[in-house]
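Take a look at this one; I'll ask things after.
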Amino acid sequence: MSESHQTPKTRARPHGIPGNERICTFSDGVFAIAITLLVLELQVPDQAPAGGLIELLPGYLPKLTGHVITFAILGIYWVAHHNMFTYVRWHDRVLLWLNILFLLFVAAMPFLTALIARYGDDQTAVVAYAGALMMAGLSLELMWWYATTDHRLVAPGLDPKLISLWHRRILLAPAAYLLAIGLSFISITATKGLFLCIAVAYIAPNPWDRYHHQQFPE
Amino acid sequence: MSESHQTPKTRARPHGIPGNERICTFSDGVFAIAITLLVLELQVPDQAPAGGLIELLPGYLPKLTGHVITFAILGIYWVAHHNMFTYVRWHDRVLLWLNILFLLFVAAMPFLTALIARYGDDQTAVVAYAGALMMAGLSLELMWWYATTDHRLVAPGLDPKLISLWHRRILLAPAAYLLAIGLSFISITATKGLFLCIAVAYIAPNPWDRYHHQQFPE
Amino acid sequence: MSESHQTPKTRARPHGIPGNERICTFSDGVFAIAITLLVLELQVPDQAPAGGLIELLPGYLPKLTGHVITFAILGIYWVAHHNMFTYVRWHDRVLLWLNILFLLFVAAMPFLTALIARYGDDQTAVVAYAGALMMAGLSLELMWWYATTDHRLVAPGLDPKLISLWHRRILLAPAAYLLAIGLSFISITATKGLFLCIAVAYIAPNPWDRYHHQQFPE
Amino acid sequence: MSESHQTPKTRARPHGIPGNERICTFSDGVFAIAITLLVLELQVPDQAPAGGLIELLPGYLPKLTGHVITFAILGIYWVAHHNMFTYVRWHDRVLLWLNILFLLFVAAMPFLTALIARYGDDQTAVVAYAGALMMAGLSLELMWWYATTDHRLVAPGLDPKLISLWHRRILLAPAAYLLAIGLSFISITATKGLFLCIAVAYIAPNPWDRYHHQQFPE
């Protein structure tokens, strides 16, 4: 990791307890369960129509699309958490609790996805879904802000430019979900389209990631 | 870790088997599942009222509050377990079983939360909820007592003052839950308020944690 | 670990691939989920009687006892797997598959516990429960036999006396569950009593564990 | 690991970020949950017949067989993922997402197994089951292709013969599942027989594994 951008504010060593293995194991567990429980919403039909299950497929398509989009959104947050913890290498009590706050919203997604799958035209369901994702993004930003302020829990030499690029990248999601909440007053369908766009935008390659990769030179 | 407070009782090396990784992985798994299964209790309604799901919100609020409080309480126990195992670095058969006893009560929380969410005015539900949390706290205390007595499974130089501060901090919870059980004979509402207070008290910053952090000097 | 009992059959280095972390993470995950899903069988009652939930308690007691016994039995197998993998430190394809066979029976326990909780007087339910536990024990024995034969996947100097003591300890469980299957033809109640005895016998301290602990001298 | 087959195309060091622990923890979590949730499909019957549960056994046999086969198939993919990540020791953003794509199909298996268990004669259910397994296999192949092309994320000296043997071994499964989809137009029973054959073929010992084991010489 580049240690060349030390600023006067930088401490010789972060304030915190080394070893974040259990934060990661616990968070990976919550993510793995939340992402796998999504499948429970794809309920096996009680009865097959005369022409076979294939006749149910058109009715299942919105459910399936919602399943894949939520899977992708949880994947995005897992990737973000994973990448963040390649930099955050110490912890303290505050970080543990910010992480638990983040997991509260991650763990709520199977319920909210089931809600939106069943009541897809209901604005409350859409707002709850977007609201939880917005809060997850804000919790993640709080963690990054807390860990990097004064280089509290990251390597002293961590590039300030990478820190600020990450702030912008993390904050983009809550901003987009806030926009989605506003949009839901106009059109539920457009709001759902926005969810898809946010997912695609975060999965697509982007310049921020080049910075991430450059921290681990060949 | 400070090795300066060696007492005459201290052994040169703890009696035990090194490597607690799997105890932590297994416990993190149980915590992650229990905390994520809580969401199953927030059942998707069978039918939306004419005015949309928003009309169900007031009825959902107690359920949601209970969900967040139990999430926080499980978070508190996870943080306590996590912090304890920064000191407990050896294990033996007794510790494995005390940990499984602790997990028995942790794993019971999704059931007990569903019970209290559905039958919130029933004293049995409230007593069962408080009782399981009291037993979880007592199991945790048993682990700490077993591991630190004669410095059996912790570093020989572990500060005796930190050991006794932790005893008090861990025991506060079972004492408070015992009080909650007593209070449930007078007022169920007051008992639930007490659950909230216990959660807030443990999440708030406190002098015990300063001791914890001082064990990992900059 | 004692390296002093090398026998002529001992190889200089085990045949196998180093690093069993993922076998342990995967197995810990299956155990954590199976042990936490047990709680789903303790279904929240659909309706509270006039006198409150307390009136349902006598009817719940057998269910609760079964829950705690299965929790303890899964705990016993987890402890056995945990201890075994302090010695088995290499793996090959055969070991991976024997472990998956073992997990097949572990993962079946929530279903079998729900079956026995609901149809406690049905011999088929009792035989299926005992049969799965017998097969779990036999799979574990197969793993130990495979790993230690010719010191294939354990340290070359592993004490042969410890190996044979462990064989006996692991095999005791399948033998006891076979006895339980036989006993089920005479008395279902006695069979359930035997399940409790097996659990107590394995949790109680025993001379085998002294050998285990002696491998990690102070 | 053999470092002797360096080709001119080989870089001195892979392009990527070291440390794949969390990819493995997260994937192990999804596998552990998916494989344990399979058991939920083995629903406890609502009522026992007059002659006891034993009378239900013949009707349960297809469900039980399906359960064991899916357990084995998920085991095969876990073993493949496990073995692949003994070689893939760096990661980048693309690998993270290919892995999440792979997990999407793994996590779908409990739903698809429940579907096929309930509607075993429905071609759509059989095609969905085979299709998800085909996609899982193709995702795995994409990961191997991406990681090994130009030795991007594997050790520079990794034997090219092992790389190409693995390509063939991984691709065999999607090819077989594609065949199964075709066969489902002729006979559903034959298709199910093919699922069993694929599982047996992958679990049986094979020359590819000798290559795998030879990378870790005694």
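In order of appearance the chains are A, B, C and D, and numbering begins at 1 in each one.
Methods note: a contact is a pair of C-beta atoms (placed from the backbone, for glycine too) under 8 Å apart; a residue touches a chain by one contact, two chains touch by 3 or more.
Worth saying up front: this structure is predicted, and the values here are computed from it rather than measured.
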item: Rotation angle superposing chain A onto its copy chain D by C-alpha atoms, nearest 5 degrees; value: 90
item: Copy pair chain C, chain D: interface residue numbering same or different (half cut); value: different
item: Approximate Å spacing (C-alpha centroids) for the pair chain B, chain C; value: 26
item: Interchain centroid distance [CA atoms averaged], chain B/chain D, Å; value: 37
item: Multi-chain contact sites of chain B, meaning residues that touch two or more partners; value: 25, 29, 32-33, 37
item: Chain A - residues contacting chain D, complex; value: 24-25, 28-29, 31-33, 35-40, 42, 44, 48, 52-54, 57, 68, 71-72, 75, 78-79, 82, 85-86, 203, 205, 209, 212-213, 216, 218
item: Residues of chain B that touch chain C when the two form their complex; value: 11-19, 21-23, 25-26, 29-30, 32-34, 37, 92-93, 96-97, 100, 103-104, 107-108, 110-111, 114-115, 118-119, 122-125
